[in-house]
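Here's the structure, in structure tokens; my notes come after.
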Amino acid sequence: MEKTVIKYKKGLKLNKPVLIVGLPGIGNVGKLVAEHLIKELKAERIATVYSPHFPHEVFMMKNGCIRMVSNRFYLIRRKGKQDIVVLTGDAQAVTPEGQYEVNHKLVRFFKEKLNGSFIYTIGGYNVSGSVVATPRVFGNATSKDTIKKFEKDNVLFGKAHTVIIGAAGLMLSFAKMEGMEGVCLMGESTFFDMDPAAAKAVLEMLTKRLGIKIDTTNMDAMIKKTAKALKELEKQLSGTMQLPVPGEGDNLKPSYIR
Amino acid sequence: MEKTVIKYKKGLKLNKPVLIVGLPGIGNVGKLVAEHLIKELKAERIATVYSPHFPHEVFMMKNGCIRMVSNRFYLIRRKGKQDIVVLTGDAQAVTPEGQYEVNHKLVRFFKEKLNGSFIYTIGGYNVSGSVVATPRVFGNATSKDTIKKFEKDNVLFGKAHTVIIGAAGLMLSFAKMEGMEGVCLMGESTFFDMDPAAAKAVLEMLTKRLGIKIDTTNMDAMIKKTAKALKELEKQLSGTMQLPVPGEGDNLKPSYIR
Amino acid sequence: MEKTVIKYKKGLKLNKPVLIVGLPGIGNVGKLVAEHLIKELKAERIATVYSPHFPHEVFMMKNGCIRMVSNRFYLIRRKGKQDIVVLTGDAQAVTPEGQYEVNHKLVRFFKEKLNGSFIYTIGGYNVSGSVVATPRVFGNATSKDTIKKFEKDNVLFGKAHTVIIGAAGLMLSFAKMEGMEGVCLMGESTFFDMDPAAAKAVLEMLTKRLGIKIDTTNMDAMIKKTAKALKELEKQLSGTMQLPVPGEGDNLKPSYIR
Amino acid sequence: MEKTVIKYKKGLKLNKPVLIVGLPGIGNVGKLVAEHLIKELKAERIATVYSPHFPHEVFMMKNGCIRMVSNRFYLIRRKGKQDIVVLTGDAQAVTPEGQYEVNHKLVRFFKEKLNGSFIYTIGGYNVSGSVVATPRVFGNATSKDTIKKFEKDNVLFGKAHTVIIGAAGLMLSFAKMEGMEGVCLMGESTFFDMDPAAAKAVLEMLTKRLGIKIDTTNMDAMIKKTAKALKELEKQLSGTMQLPVPGEGDNLKPSYIR
């Protein structure tokens, strides 16, 4: 395997689908959102992506079988509304060259084979060093016209000034290059490994916008668990160092996101 | 040389061969098993693999000649039974991209040129930090049907939950992709560089299953030597630290294997 | 995207243009010169370069939109004189292989699509560890004939003996390979991240040579600001260490440039 | 430039040339030998090799011009005898993949365009940590037949058992693959950066074998200079540590060579 391969269900006819991309990254915000949507809305897997640019390993599954590292497209059909396609997976490409090859291919697949029209990419945005009480949602879009469409949504455009590393950024740029529009929604994130609160902030914004009703019980449970773990950590650290608690007027010192 | 090259004996007609893959990795378990089979069963070399993804070096041989880094296929013919092909070598590909290219090519060669039907990959599985008294054999397979076929063999499926890095995992995934079945057998391993006890555990399981009788005198000698070296080490360490001795009920904290 | 892509305005007819290359590097000397020329002379963008060899990230812009990492060609038309094309950008290729691919493609684009004839590449040259009072301009050219043409300009040829890393060097070598001539002009630089004084030294030399009149108010302001920051730094360091002040007769201990 | 390019003088008719490869490596033994031969025998350059696998830099030359990193073939014509071709250069490929691509191409060029028949590669061999009084010459060849031809030469075959990294090893393996023979001659080396004594040991062996008379005055001067520098170093170190002085019966603990 020398090139990225996409194996997909042939003959699917989709209704102007939007794509929601949630791959591993800061706080795993994107992946948490994508997995929640797939589980709660019983999405059907319609395509699997393998790539020589992914890590060279396979997963040992609980049933004793193996599974290659992959990205996966899932379909949520909606009567009389645009269909929703969700992309998630185990990893992103490990080299810059791989990132360009894989992300362009993913975007072209969505456009050419799924008849796609709009891409949402989800990421985390980390205001370095600070614990976030109520995570905000930052946004960057392919055009000013697209930004306007989010006027009524509570998304902060133009407030973060750094770079978006990896799929969340590149897929949007490739969307634009291929004549589509899109937006990157970033949940303000505290934790680098898993931040369900940031994920919920994006999820609420997104589902409202797409007119989806979704149960967030599972995600709420994760948030409680994470908050509890943080308090434990704070106790252990008290006396040695203090985690800062930022307010609204904070200077947004940016850091990398994916 | 820009692509992996396989030089092979033309015109071979094999009887539904199974492939046993033993390449360098954790405890060199796979390589020890492969080399033992080749030596004891006087296997014939039928193919040599060179690749730009292997390390860029050649070996200085004892006879004063040189030998390029390679992987090699060996044949063990059996009357009235499936033939056995063994794959071993000096190295695995050094990059993720190389791993995908080389391992896919090896699997397709086995299928298309050798008429292959089933792949065993051998590796080591290291329960981190612990010395293993009686190494167990862990397994992961391409399908539940294949797992069932190992019911009577003493293989632990679904007990290890991490990733298989490199050839032992990828070749199995590519086997599945190409319509073949296979299993990865992992000897529970203590040492990272050379673990003949783990190798013997896999060898016994494998030879029983394939209906092979094999002399293990040489491997037993290696095991004794290694055990003695370990005792020496323990003596030197006593007073400073203790190597843990795990029992049956241990929590299997997994670590990487190849 | 697996190869470097250049999107350009079709049908442009240029008058024997010279190319001025100012990409990120030591002291950002090249980029500062290029951006100053583009701004002050109101250059028009005529081509955009994307490449899988650039970093895999996109910029979050102030207007809330995104922009892919790119290099860009700008045009300055001059009546009755050779046109000027300026190349600048966000990054250089991140691997050696990428550097060779991208830089060769840039040179061939300039020659074949823009009808180009001569290339100036701009860089910084750092005499390690020393603060430069009056930055000199060092030069290296594609041929002795080209060096002769700079006799009346105050450029030091053959006084620096190290290597030019990246685009500033490779584009010149590729120019020569493609039958064009060129010169690399390096401003003597103190700071690694941003050295407007070194940039001004090159800019003055270059504009005089090309017969351009240009306002340097903005650059002068940057120089003052940088000098002030340096004095602050010296104060803080006084008592602990001294920054050396080199004179004319200094031994030119060379260091890397881009 | 995406592939290695060899620019060469067309129409050359050589008399069964042998190739002597001396590229940068341990002690720069190969490069010292090659450069000495080229200078003393007034060899003519007949081909230049550029590659995206070489470092992405150009040299600033003393005359103010630039020169791309390259490898170069030189020709020494001999009446009534086999011609000699010498290959040297500024660098070897920087990645494993690059090493395989470049070295195979160099070997095929020698065979197909220069009508070549035999390859000598020169390297350094470092018995780690020890200062060598009288450097020996170690050898590895493409076949036992070739080893036999060196019976009367004072070359130690089969006494070193490690790997030859890079061109000195790979070019020999590719020679064999392309139906040619060859030998790697390694001067026993003390210094990692520049070891003229090891180079002279190989040079004497090689010139005797090829029936060449050569002035070694320059190399002798380098040896004296290096020996003096070593003594200085020893003085400075005395009291703190001792450099070992190995004898004939030393255990040859091998280390990497190029």
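Odds and ends about this structure:
Going by the order they are written in, the chains are A, B, C and D; count residues from 1 in each one.
As a convention for this text, contacts are C-beta pairs under 8 Å (C-beta built on N, C-alpha and C of every residue); 3 or more make two chains touch, one makes a residue touch a chain.
What you see is a predicted model, and the numbers here were worked out from it, not measured in a lab.
In summary, the pair subunit A and subunit B forms a contact in which the copies contribute largely different residue numbers, shared numbers making up under half of all those used. Distance between Cα centroids is largest for the pairing of subunit D with A. When subunit A is laid over subunit C using CA atoms, the rotation angle comes to 90 degrees (nearest 5).
The distance from the centre of subunit B to the centre of subunit D, each centre being the mean of the chain's C-alpha atoms, comes to 38 Å. Between subunit A and subunit B, the centres computed from C-alpha atoms are 38 Å apart. Taking each chain's centre as the average of its CA atoms, subunit B and subunit C sit 54 Å apart. Contact of a single residue of subunit A with at least two other chains is seen at no position. Pairwise, the chains that make contact are A-B, A-C, B-D, C-D.
Chain contact summary for the complex, subunit A toward subunit B: residues 1-2, 50-68, 94-95, 98. Of all the residues in subunit B, the ones that touch subunit A in their complex are 93, 96-97, 99-101, 104, 139-144, 147, 157-158, 160-166, 169-170, 172-174, 176-177, 184, 254.
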